[in-house]
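Next come two complexes built around chain A: one with chain B, the other with chain C.
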Partner chain A sequence: MKQFWIFVKKEWLHILRDRRTLLILFGMPIAQILIFGFALSNEVKNSKIAILDHAGDDISHKLIERIEASKYFEITKVLSSDSEIDAVFKQGAIRLAIVFPANLSADLYHQNDVQLQLISDASDPNVGTTLVNYMSSIINDYQNELIGFNKLPFTIKAEVRMIYNPQLKAAYNFVPGVMAMVLLLICSLMTSIAIVREKEMGTMEVLLVSPLKPTLVIISKTIPYLVLSFINICSILLLSYFVLDVPVKGNLFLLLAEGILFIIASLSLGMFVSSIAATQTAAMFGTLVGLFMPTLMFSGFMFPVDNMPIPLQWLSNILPSKWFFNIVKAIMIKGLGFSAIWKETLILFGMTCTLFIISIRKFDKRLAL
Partner chain B sequence: MPVIQLILLPLAANYEVRNIQLSIVDHDHSGYARALIQKITASGYFKLNSYVDSYKEGLKRMEHDHVDIILEIPADFEKTLIRENESTLSASINAVNGQRASLGAQYLLAILRDFNREIRLKWVQFPKFNPMPIIQIDHSFWYNPMMNYKHFMVPGILVILLTMVGANMSALNLVREKELGTIEQINVSPIKKHHFIIGKLIPFWIMGQVVLTLGLLVARLIYGIIPAGSIFSIYLFSSAYLLCILGLGLLISTYANTQQQAMLISFFVMMVFILLSGLYTSIDSMPQWAQWVTKINPITYFVQVMRLVIMKGSGLKDILPHLVSILGMAVVIIPWAVWNYRKRS
Partner chain C sequence: MPENYLIEVHNLTKRFAAFTAVDNISFNVKQGEIFGFLGANGAGKTTAIKMLSGLLNPTSGDAKVIGFDVKTQAEKIKKNIGYMSQRFSLYEDLTVFENMRFYGGIYGLRTIEINTKADEILTVLNLVNERNVLVKSLPLGWKQKLAFSISILHNPPLVFLDEPTGGVDPITRREFWELIMEAANRGTTLFVTTHYMDEAEYCNRVTIMVDGKIEALGTPLELRQQMGASSMEAVFLSLARKSSRREL
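Coming up: the complex of A and B.
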């Protein structure tokens, strides 16, 4: 047993001497959290729009004032003719154009009916829809003011409550995702590269002639990454709590325990890849393309699983990261206990055991050669 | 390999909000309540998941992620509406995913407004001459009338593909030579530094263009995306862009000693750039400092150009400022890489 720990210490020294890698391993989750937390936002605001005002009268000026005052829009272009609309969209300068027809006030006061035109760039359908909705509500508000205090009869009001995340903070959805991604990346990529590097350099033979059992040699390589990943979980949680105000509503120990379970799963994945890869490049590509990219795409972190075609949804069920992502969301954001996530935990546990046993077995066979 | 990603990724990359699971707590069971429920489910955005007897039950289902929205219709909904001219519904939305919740709320409220208007029309006879001023809004969606998310994501994904392939390959290439030791042979040869670097750039540049072509073909064949603008502008810009990206990869490789470091550094840099490029979230919603970063980020420009040319049919004139910026960056990065590469260290 003492031999095992000496090997672990050796691996630690290897890692600690590589300052650049260490910097990235610790820096990546921090950078991601900071970027996601402060720079990225799905909120629609300060969207650049253009105004084409054929009327130029009282009402259009009032509406333009309202629009200018709104934080959702930023008027960057004032056009003078219809033909300019297409050109200004093509330059990518605006996302929405609003056209006021000529004789606006006259028509409104005499015929009580006018039509404004909103042209929105539907390249990004969600943003297009949202912009039209926001603009419509500004216009509707103004219209209600014109009507005065005549309340429209038969009004159905809706009281909308946002549960778990009343401020609609995007952070609630991505912090669990960043955690899953970073853990998977570090554990699988680094482990597989570490093991394959020894194979490639030829130093594996030296390790194998040592009195320590071959499988223990491999496992000793994974222990430092387990500790590193655990430190990363803690730094992610600390950052989210203090900098982003994302609380851990549920049981912290449960969360950490699930984290360790997932780390072991990722380490096993890394070991598995390293047992089939012969060169470092192969290990890197195998991990990135075979593990990391599918995780990024199909685990529900970036794109909603419900929207995917059925075969891809099945694929997402095979990924351990999908289950971990759901578990973390349930504990952190919804504050649920073990009773709610026992099913997912069981699945993750099963996957971890299977992967671990398969990787160890494979190594036994390969290294014996 | 990039081709497989290009095929699979747009299938997954769908931010459309639909299949919103709705759970109804109906205390009223009146005609209006049923009509409203029918209208909501007929919209196509919502799926009726369950009728529950109480809000608590609905909440339990929400905890297990089976339900996205719980709509509660109070008792005497129809009677209150007719007698007191006003009635209130309550909608509770699972907001873990803020964007999905916000769009779900917007859809629900829009359907409700429509339903409200229908009821008003039935009861209130508006005289022919409308006493209340009404501003109607006519909205049109340009450039993507089918509101197809794939058309929006595919150009962006092409950019990512090209970037990852380009940067990783060029970064790894030089470092592998360093690790294996074959770099010494090159260092003792009389070849000039810049010839050496350019020699490394050219094959990857060609490969990048080939990947781009493959990508455009896949987009055309599988997704039916035909660039509305000129393909020549795409290739012109990609030539400059590849210079920039490959240069970046080379720059990274001059700072790394092992393949592992090169891969990690390039991965990290690419990830930061991709996130801050306006690909997934719009640049307008970023704070000032992030917007400055996007200005020095080559990916930003390429994503904009791809979207402009493919979806809107922009021309050479429109992308000229982007082209100039990219060339400017390449002019800085490549000499830096050459300068940093030391033959004798």
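Coming up: the complex of A and C.
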């Protein structure tokens, strides 16, 4: 046991002496939360648009006022002919153009039917659709006001409630995602590099000839990273609470316990990588391509798993991070208790045990050769 | 009365699939001697050391190290040997003292013992002022001497040195061998692999391995006389030419 602590102490020294690693360890979660929270966002704001107003009457002026007043749009071009539309899109100066027909009020009052033209840049389909939706809702609002004067006999209204995340804040999705990514990266990348470094430096040989048990060597190498990752969970939760206004709705202790489970899973993945990789570069490549990329793409953090082809859905099922992501979302955002996530927890637990046992045995066997 | 052997090897063999790395070797190492284990790269030296230090299980044959069986008592062997590899095996980002504290600690030495021993080593190596300096910043020759001193920090009766002088200039090698000989004078047994033939002259007895087999065993003088050669270099070359193995 004393040897174990001596080893852990030595491991701490390695981490503390390496400024760059320290910066990655503590800087990464903070940077990611801040970047996802403030710089990167799916919300569309202040999009530049062009207006081509053939009507120039009361109704078109009122609509333009409303568009200008919304925070979503900024009118940067006022065009005078249809031929200019193409040119401003090609310049990339605008995202959307709106064309008012010449006889806008006349058609509206006499035929009760009028068509506005919305032209949207769909090279980014999501942004294109979102802008059209925003614009349509501004136009609908205005129309409803007009209808006030001569009411329709009946209407169907949909009453919408966005549950769990009524303000539609992107943070509710990415905080759990960042947590899964940061933990996976620190635990698997850092540990695999730390273990492979001993192989590369030749110190592993000496450790193996020493009376230390191989299992003890590998476990004590991972302990500091377990502690560091736990600190990182806490710092992510604090940041998300104080900076992003995303509180933990469910049980904090349950969340932390699940976090530790996922940390152990990721540490085992790191050990597994290090038992295969011979160089630090190989270990880094293996964790980034083999673990980090799939987590980013297939855990449901970036793209919804339900929309993926069946083989990719299977792939996502074997990623521990997918289960952890769902667990965190359930506890943190939906405020659910253990009864709602016991299945996910059981799967994660099973994966962790399997990975842990395989890695330890693989490590032992490689040495026993 | 039989001589006191620290290592006894009988028909030791290690096969990896179809490849026989160590082929039926037998030898004994006496207490307090410097035993040179020579051979070209790929001759099987490292595999033999791994079996003797309990890292690798032999395919067949027996070996006893400090009286312990390599197959069943590897744990006991590990506690009682020192080991230094070609790569010196120090942690570059730890200080001189931290390295000593760590290696002393994993052999179960107490803090007081480690401190006493560390001061002793620092004095002998003239490194007292470098006690709290990162190993990274030491010259290669110092690192090598430090690595050796650390490998015998826990006073093992037997030390394995696997090509300990690789990549070091001749003067530093000479100084390093003085350290080894001092350790031998204090009664430590040293098992040294090398492919520098001038170093073979410092050994009490040497074996020369070719293709996994022991081709010669004796004092440097005996071997030179047997082969009618003027130097160990010549002895080695005439034996090594028989090798059918390519360098690995």
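Keep in mind that, in the parts below, the second predicted complex is superposed on the first by the 350 of 369 C-alpha atoms of A that agree within 3 Å, B and C clash if a C-alpha of one lies under 4 Å from a C-alpha of the other, contacts with A are read in each partner's own complex, and residues count from 1 in each chain.
In the analysis below, contacts are C-beta pairs under 8 Å (C-beta built on N, C-alpha and C of every residue); 3 or more make two chains touch, one makes a residue touch a chain.
All values reported here derive from a predicted model rather than from experimental measurement.
By the touch criterion stated above, A:324 is placed in contact with neither chain B nor chain C.
Judged by the touch definition given at the top, the superposed model places A:2 against chain C, while chain B stays out of reach. Comparing chain B with chain C, more residues of chain A are touched by B.
Looking at the shared chain after the overlay, A:89 reaches chain B, while chain C stays out of its contact range. Applying the stated contact rule after C-alpha superposition, one finds that A:202 touches chain C and leaves chain B untouched. Once the two complexes are laid over each other on the shared chain, residue contacts for A:17 go to chain C alone; chain B is not touched.
In the superposition on chain A, A:210 makes contact with chain C only, while chain B stays out of contact range.
Shared contact residues of chain A, touching chain B in one structure and chain C in the other: 18.
By the touch criterion stated above, chain B contacts chain A in their complex at residues 1, 5, 8-9, 11-19, 59, 62-65, 81-82, 85-103, 105-106, 108-110, 112, 115-116, 119-120, 123-124, 129-145, 147-149, 151-152, 172, 176, 256-261, 263-265, 267-268, 271-272, 275-276, 280-282, 284-287, 289-290, 293, 304, 307-308, 311-315, 318. By the touch rule above, chain C contacts chain A in their complex via residues 53-57, 75, 78-79, 81, 83-94, 98, 101-103, 105-108, 134, 151, 160.
Within the complex, the chain A residues that touch chain B are 18, 20-21, 24-25, 27-28, 31-32, 35-36, 38-48, 74, 89-92, 95, 108-109, 112-130, 132-133, 135-136, 139-140, 142-143, 146-147, 150-166, 168-170, 172-173, 190, 193, 197, 280-281, 284, 288-289, 293, 297-298, 302-304, 306-309, 312, 326, 329-330, 333-334, 336, 340. Chain A contributes residues 2-3, 6-7, 10, 13-14, 17-18, 201-203, 205-212, 367-369 to its touches with chain C in the complex.
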